[in-house]
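Two complexes, one shared chain (chain A), two partners (chain B, chain C).
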Partner chain A sequence: MPRRVSIGMATIFIVCILWFCATTLFGLIPSGRFPSPAETWSALIHVSGRGYGGGDLTLHVYNSLRLVVMGFLFAIATGVPLGLLMGWNRKAEAIINPIFLIIRPIPPLAWIPLAILWLGLGDAAKIMVIWFSAFVPSVINTFAGVRNIDRPVIEAAYMLGMPKTRFVGEVLIPGASPMIFTGLRLSLQASWTTLVAAELVGAFYGIGRVLNVAQQDLYPGMILVGMIAVAILGWGTTRLLGVAESRALRWNTAALAAKG
Partner chain B sequence: MQKQISLLQSIGLGFLGLGCFIGLWHGLAVSGMVSNIFLPSPVEVYDRFTTLLDRRFAGATLQGHLAASFMRFAYGFILAALIGIPLGLLMGWYQLLDEIVSPLFDALRFVAPIAWVPFAALWFGTGIGGPIMIIFAGAFPPCVINAYRGAKFVDPRLIEAANMLGTPSHRVIREVLLPSSVPSIISGLRVSAGLGWQSLVGAELIVASAGVGYMMVQGQANVSTTTVMAGMVAIGLVGLALDSALRLAERVIQRRRGLEN
Partner chain C sequence: MGVIQFKDVGKIFGPRDSGFVALQDINLEIRDREFVAIVGPSGCGKTTCLRMVAGFENTTDGVVSVDGTPIKRPGPDRAVVFQQFALFPWKSVYDNIDMGLRNLNVSGAERASRIDAILNLMNLTQYAKHFPHQLSGGMQQRVAIARAYVLDPDVLLMDEPFGALDAQTRVVMQEELVRLARKNPRTVLFITHAVEEAVYLADRVAIMTRAPGRIKEVLDIASVRNAEAWDSHEKIEDVMDLESFVHLRTHIWRSLREEKAAQHV
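Take a look at the complex of A and B:
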């Protein structure tokens, strides 16, 4: 949609011009409240060169990214199998669901104080909270994905006497995979939110740490740099997941196209 | 899928699961294998919960903190709905507006709501304004997205029929477009309430001088695990109540529309 793209770019451009006008040209917004483009740029130079809040930008980005990836992978590795089990086995669902029902209403961010009490301010506490926040969406969506598999497919597999291991690998997981990926996308979003919150509450490195120190220093340029970094990282990881999804589900769209 | 199991069996197994969970927790806590500060037993958490109900901690009783949190939540949530829903509907109806706002909206969507905390504190302080802005940042996107979907995916035959019958455009909006987007808007509000409540907790952990999140931070600072856990229970209960209320509204509206499945 070229019209859509050109209008979008024009909008972003105009907003940048307005930003420049309101801060630098006319001084409508005092620089103590919101940084001008020049101040933001100098904050970026500051953090990537001399460093800020305990390290330079690459160190902070690396630390945040590492924690998100670890918590996220850990959550997938535990959540997806549990979702498959609950979707497949009615008894497992009946046993586990009530526990889920009482834990789920507690927002992941509310686990932060407990995680700090248990594991301190280091990486372990953050991985625990990220794991927690990413775990729930991956379980729920995997579960729903299994329940949405066409019955005839399952019955055909049964009728043909498919062994259990092949059934899991060739019917259960592929059948649930579109919903599994929906869950993973939600999990990834939750991971970033939780990481930023956890780092704002207390951390030694990371983007949240930069935001926290910048808030205490009343340094708006650095706050904006931190927010942009969070947005770019969130966007980039979501894109990567999207690429993985379209790779993994390629057979599926092909199947759909073949069906007409 | 395995065969269905009977309701009785499923309730029995449910209690078994819950019993094991709480039993394991209690057993671990009482046995002394893990220190009491680390993992208090469910009974101690319950005791602490009832104590907090009538004794002040961090400046207020538990009800006091909950009331402070809930008031902020209500302001932020209502503000998000009041701005987000009309914006979403307008974006659904007028293509140009959609094309102008969407790129900005998409760019902002990737900023986690909690990342607004420093600016919120800078602009509105840490009392009531800052947290309200964070709740707004959390609750706003689902309001916009669902109102937009509701308005965008109205059955075109309804609009065509209305146009053919010569209905003036303000009446098309009021009598065709608006009613058919209501179910989607209500689902959006439910998602928003969940995200808003969660953002509020985050905001109170970082900047606030009252509220349940603040109480939990004080509990953490005093190494009072029971207080932290009691706070988690309270937050969970309020979140559950909010979700159930909006679920009920969703169902009532769907039933009235005959959309129930």
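Take a look at the complex of A and C:
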């Protein structure tokens, strides 16, 4: 096991010990404020077994994950092409940019009331809000990625007689891809943030729903289970994206390694 | 064929009446398979001349043409070697060299044989699968030259190709380019501010002045080279030691320095 990983594991282990000491062992934190490890564990058993807030843990996780993935995919499927267009075509940028200037300062969560008004409490409203929040980082970073491509590289493509149809796939997208992936990572983070917020406001299933019900029930153990679940899902999906990134950018990792 | 002609070429950046006059009254004809170097101080517009032949830049006045056809846009008939290499970092050495041939719809078998030949010629065979960033600067520029040469272009445009290399690598590349250029002559327009490089490589050297960019003098090197049998010397330092070489080099130095002095008055 690499040294970094073992140190990291040790840190987590120590935090758990401290947590145990502060709650169960010395009672420094009352269990009404923050749950002990045992209470958290029993809440986990509770939601996995009998279920809580309208379903068991698998159902909640499945619903949250599904919405995030759909919203995220929808956002990047629209955001990346728009970023490419704006990066490449100055006219398109001039036309579209003002809309962005107006929309950007609005926090994505501020769209939730409107989304619920339009689409109700079901999936569609949440996907829309996730789309709104994840869309912007994809567009902006893709745009910046295109603008950052070395001018001589683009000229070299022209000089080599590259047809327009291949130019997008072989120059524009790979050239912008390091920044595109930065955008995707930010989009994914935004997707999770927004999802939980949207589910807190109103949902039938999902981790946000668990958090919301647990808060009303004054059930700190369950709140912590929900938070940990979001953390693990966020970490896992980011990790998956990281794997895709290192596959796609193998040439770039070589570049970074060469620079030391 | 590959005859490059500059006819009364002028270039103004910005508005015609108040913009920056980069080039004025450029007249130069580069014959088929002739190697012409343009030397001059930074900002004299020598790179702009090359970019106009490449099709990256328009003329404000006059016409730049290749074989009588005015240039409108870039194309693989005029291969460019850039100072900063401009390889596609996401493509392997092989795929970088392959790119132009694919765009020209050359058949797969012919592409493979031409790429293998050029890789071999440039000592790159073992690096075919490497990405550009895994190579040194000299190697990268070798790939860029291979990418240009493999197209078998009428015209080869080299924009300070060795400017980003260290002195030792530079010398090796200069010798290799001479080898390549004598074996497989192309019409070459070579931009540099290194006087020795220009004298060593070129058949003729055009000396440019700054503000506005003009061609001050065009020097015939080839006749001296042939008369003094420079090419019988394998190493660049032996050529650079010859009296005839030193004489030409000094002449160009003076010409450039006079220009500088004149500007300070």
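Details
We adopt the following convention: the second predicted complex is superposed on the first by the 240 of 260 C-alpha atoms of A that agree within 3 Å, B and C clash if a C-alpha of one lies under 4 Å from a C-alpha of the other, contacts with A are read in each partner's own complex, and residues count from 1 in each chain.
By definition in this document, a residue touches a chain if its C-beta (ideal position, glycine included) is under 8 Å from a C-beta of that chain, and two chains touch if they have at least 3 such contacts.
The structure presented is a predicted model; accordingly, all values stated were derived computationally and were not measured.
Annotation: superposed three-chain arrangement on chain A; chain B versus chain C shows no clash, the two fitting side by side. In the superposition on chain A, A:L44 makes contact with neither chain B nor chain C. By the document's definition of touching, of the two partners only chain B reaches A:P108; chain C does not.
By the document's definition of touching, neither partner reaches A:L119: not chain B, not chain C. Judged by the touch definition given at the top, the superposed model places A:I95 against chain B, while chain C stays out of reach. Legend: residue contacts after superposition of the two complexes on their common chain; A:L160 is shown touching chain C, with no touch to chain B. Once both structures are fitted onto chain A, a short way to say it is that chain B and chain C open up an angle of 90° at chain A, using Cα centres and rounding to the nearest 10. Within the superposed three-chain model, A:A144 lies out of touch with both chain B and chain C [touch as defined at top]. With both complexes superposed, B is the one of chain B and chain C in contact with more chain A residues. Of the two partner chains placed around the shared chain by superposition, chain B is the only one that A:G234 touches, whereas chain C remains out of contact. For the pair chain B and chain C, the least inter-chain C-alpha distance in the overlaid model is 11 Å.
In the superposition on the C-alpha atoms of chain A, no part of chain A is touched by chain B in one complex and by chain C in the other. Of all residues in chain C, those touching chain A in their complex are 54-56, 73-76, 78-80, 82, 84, 86-91, 99-100, 103-104, 131, 133-134, 147, 151.
On the side of chain A, the complex with chain B involves touching residues 3-4, 7-9, 11-12, 15, 32-34, 87-91, 94-99, 102-103, 105-114, 116-118, 146-147, 149, 151, 154, 192-193, 196-197, 200-201, 208, 211-212, 214-215, 218, 220, 223, 226-227, 230-232, 234-235, 238. Listing the residues of chain A that touch chain C in their complex gives 150, 152-153, 155-163, 166, 170-171, 174-175, 177, 250-252, 254-255, 258-259.
Residues 1-5, 9-10, 13-18, 20-21, 37-38, 96, 99-104, 107-108, 110-119, 121-123, 194, 197-199, 201-202, 205-206, 213, 216-217, 219-220, 223, 225, 228-229, 231-233, 235-237, 239-240, 243 of chain B are the ones that touch chain A when the two sit in their complex.
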